[in-house]
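Both complexes shown next keep chain A, but they swap its partner, so chain B is in the first and chain C is in the second.
Take a look at the complex of A and B:
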């Protein structure tokens, strides 16, 4: 349990957090939407991957797109159901509806997958690398690489492409975007489908690190929330940095103070920031 | 309707409500269900004034419920306090917690406010599971029977606890209706519907929010107080999402700002779960779906479907303001 090992753990954990939060970053920053069912969607992604690998006997690389596909479907259905609320920008109702969706997903997953804990084993997670007295798995390396690639691609899409510009325009002013001939509904549906795919990908990569349960997902929501808010709401680069910082913080706090309270401590940091600088969080919509 | 007649009608309804379990057969299961409905309705009324009147979604009300339950468990089982002192203790502690939470979230609005309160609820569950002082994952046992010795009142089962639960429910409904008529309640509505108007009328939205929070938290905590006695055992599962979803659904399902809405909502949900259950997981899907469908497709709740029918009978809307007295 030396310093370097915790540093490595923190970096891996940080990339995992950033990856988990990416769907939310886009949702909030690009479309001004929230999703409290995010944690349960993460749980679903992990279980679909697990089901594909251990029950259907699919290779890991096929199970990941399968989980993402189901994530897209769930995201699409969610947004389809609350499209009217989204068009009215009724955030209060959207929050409660997504919370309800999370609850339904939990019930449905427990019904289908059973309520016992499972372990998601992948070809990477069983291979260890020892380097001196440092220890990591290939899965950890895959998480770091995937997170960096994903963030770079996302930054490129949002900043440089037509799709990114459309989504930002809708976030800035939905009515104006509609007048300009943008199909606002399609953008909202697309953003939610992206959120579903992104969180499923994160789950497929990150979930092998810990046992999975259908009742999980709450910690992931808190982590996501801390990353998104500390990173400056909706900022892609900010989320990456905040995720990394939070990962390091959690790793060291878990190692030197108490692992059980690591999430609580991360949240305490956030509360401190909110109390000291509440205005610093009001980033304009469509911010990068 | 005449104010005097309305009061009498309400009083009759309140007295009749007490005999509902007897009318339903008076079996143990009926009393158990009725006591739980009363407790959960009181819990929901606390959230009702925040969601329906103030227009903010607090997801930390499960924490207030848990604070009420845990304080009661600690005071009654470890310190030997009676129910009345436990209630006072629970209300004092929850006021402290609500004030702290209200202070932290004072400047936050809408989704950031909800996110922080949701995070508070999740973190509270982690703390309750891990902190030895609160019994950790085993919870707290040995809560004595509900006994007020100077009144000679003891409640050992749900049937004997029913009068207490019903009284608590009536007090909570009265408080909510008094709140809606009070200056604070009206100021809260103004902050909800038109914040600029509120500010220009000399109403401080942040202060109103904090005050509404402080009114709301003890109501939900008192439900936790009775829940501790009813179960005689409290563990971290009082912080489960179930209670949050139950409260939110109860508040919105009938229609917002209906005085008896939360009670009827809780009653419907509990009846389904107790007497028409399809197993825990399917019940979860049902409860969550009711919440989703209500918000997405029935903005005025179930009552919103029925209320247009009333317009068939009363053609003219009631005049605004006081009726002008006729000249003699």
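Take a look at the complex of A and C:
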């Protein structure tokens, strides 16, 4: 086993996981909501990017914002449909509705894009760097850089800007936020739209690493769930750390033991962590 | 000439399930007036101020008309009423506990500066009013004492440019010395031009600062009048001021 290669793989995988999970982290942190259609939104982001690049002939950097725009629209429509459930915080119904939304997205995508596997080729995915035994693609480097920039920007927005303060007010107490003149419905809509954009960005960057299928999405939801819970519900920093930790764990477990059991082992770690630290790995409850 | 009240509600009715918690035909607060609403637990005091703002942590059925400066607020959601200048400082959780005092005082929505009758308080204004908040400006809301949270709750509302302020039991949980400090601050705000509806269980303290007193029982107004006259009202004197009425 090449230790350095596994370390690089783990870092890339970790940043990919963190990027895939960030939309859900914000959704949970601000609106205390879940979205089990998250994986299918990831799939849609990947396919819209692929369609833009392969069928419409758009440059990759144009296809990415297009996928994000579609993600925003899907998130917005989803939240409009279940606004009343959101305001009542009816979590069971929201789980079922979002799960159903995921299946609708899956069906619609299969109808539009077909059910055969595709390869999302980008200007980065075909360029490799070899350094001794070490191998990495430009796409991997793009994932790491984009994830770091995205998390840093998000942390800045949440901690330092008015829009971030609005989100934190709603996260802490939506009723009290109303008394400060905050339109809570609009914040919820914004958070869902953000989730759609974030997961589409993640898909556009991460999906070129593997073949894409309209039936994918389940693994992404599971990864997101583990990252979000490990990182501490709603913690942006916690999600980044948890994503990275999960990526490194998966890479090394796959190399030392077997990739076939990596997901099961990740869940074993999740259970162990939650027994010791019910709030996840975040430094303190409510940490951002 | 009749002076139009700043805040007025007519036929205001609130029900939880089938239980009517409030049933008022009319209540009004005039310009620069401090009206106290008193009554026993469950009389409907908090229900009244919450209904005026259309706000609740529960899900009551509210009907009736609420007017602010003659403008019908009834169809507006709470955040729109707040932006129109009707501010509520609720009982219980008053501040964002995971934010610093400074962040609590930073307005997160645009407050119109050109509306007549609305006074705008800068951060310096509220620090001048509550110097203790300036000393604690870097502390989280969760690190403040009950009195400091009450001050921050009022200061937060002032930052939003109130036309009328609804205060729900500001004395609850405070030491007696702090109760009079808070109520005197409210009085000084009214003297400087604010219009306030104050819900208070501590009748003895409230009657010292209010202009008019309204007595609620089981969701209905059973007595109201100038504070000086209400002090001699047998119901008030016996039940709330500890006087023995022969």
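Note that in this section the second predicted complex is superposed on the first by the 274 of 288 C-alpha atoms of A that agree within 3 Å, B and C clash if a C-alpha of one lies under 4 Å from a C-alpha of the other, contacts with A are read in each partner's own complex, and residues count from 1 in each chain.
In the analysis below, a contact is a pair of C-beta atoms (placed from the backbone, for glycine too) under 8 Å apart; a residue touches a chain by one contact, two chains touch by 3 or more.
This is a predicted model, so every value here is computed, not measured.
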Quiz item: chain B versus chain C on the shared chain A, clash or fit?
Solution: fit
Practice problem: With the two complexes superposed on chain A, say which partner A:57 touches: chain B (first), chain C (second), both, or neither. | Solution: neither
Quiz item: Looking at the overlay, what does A:132 touch: chain B (first), chain C (second), both, or neither?
Solution: neither
Quiz item: Counting residues of chain A in contact, which comes out ahead: chain B or chain C?
Solution: B
Quiz item: Looking at the overlay, does A:267 come into contact with chain B only (first), chain C only (second), both, or neither?
Solution: first
Practice problem: Pick one for A:85: touches chain B only (first), chain C only (second), both, or neither. | Solution: first
Quiz item: Is A:162 contacted by the first partner chain B, the second partner chain C, both or neither?
Solution: second
Quiz item: When the two complexes are placed on top of each other via chain A, what is the minimal CA separation of chain B and chain C in Å?
Solution: 14
Quiz item: Across the two complexes, what residues of chain A are contacted by chain B and by chain C?
Solution: none
Quiz item: So in the complex, which bits of chain C are touching chain A?
Solution: 53, 55, 57, 77-79, 82-83, 87-90, 93-94, 96-99, 103, 106-109, 111, 156, 160
Practice problem: Would you pull the chain B residues touching chain A in the complex into a rising list? | Solution: 55-57, 59, 104-105, 107-108, 110-112, 114-116, 118-119, 122-123, 125-127, 130, 241, 244-245, 248-249, 252, 280-285, 287-289, 291-292, 295-296, 299
Quiz item: Which residues of chain A touch chain B in the complex?
Solution: 34, 36, 81-82, 84-85, 91-93, 95-97, 99-104, 106-108, 110-111, 218-219, 221-222, 225-226, 229, 260-261, 263-264, 267, 270-271, 274-275, 278-279, 281
Quiz item: Where on chain A does chain C make contact in their complex?
Solution: 162, 165-166, 168-169, 172-173, 175-176, 178-184, 286
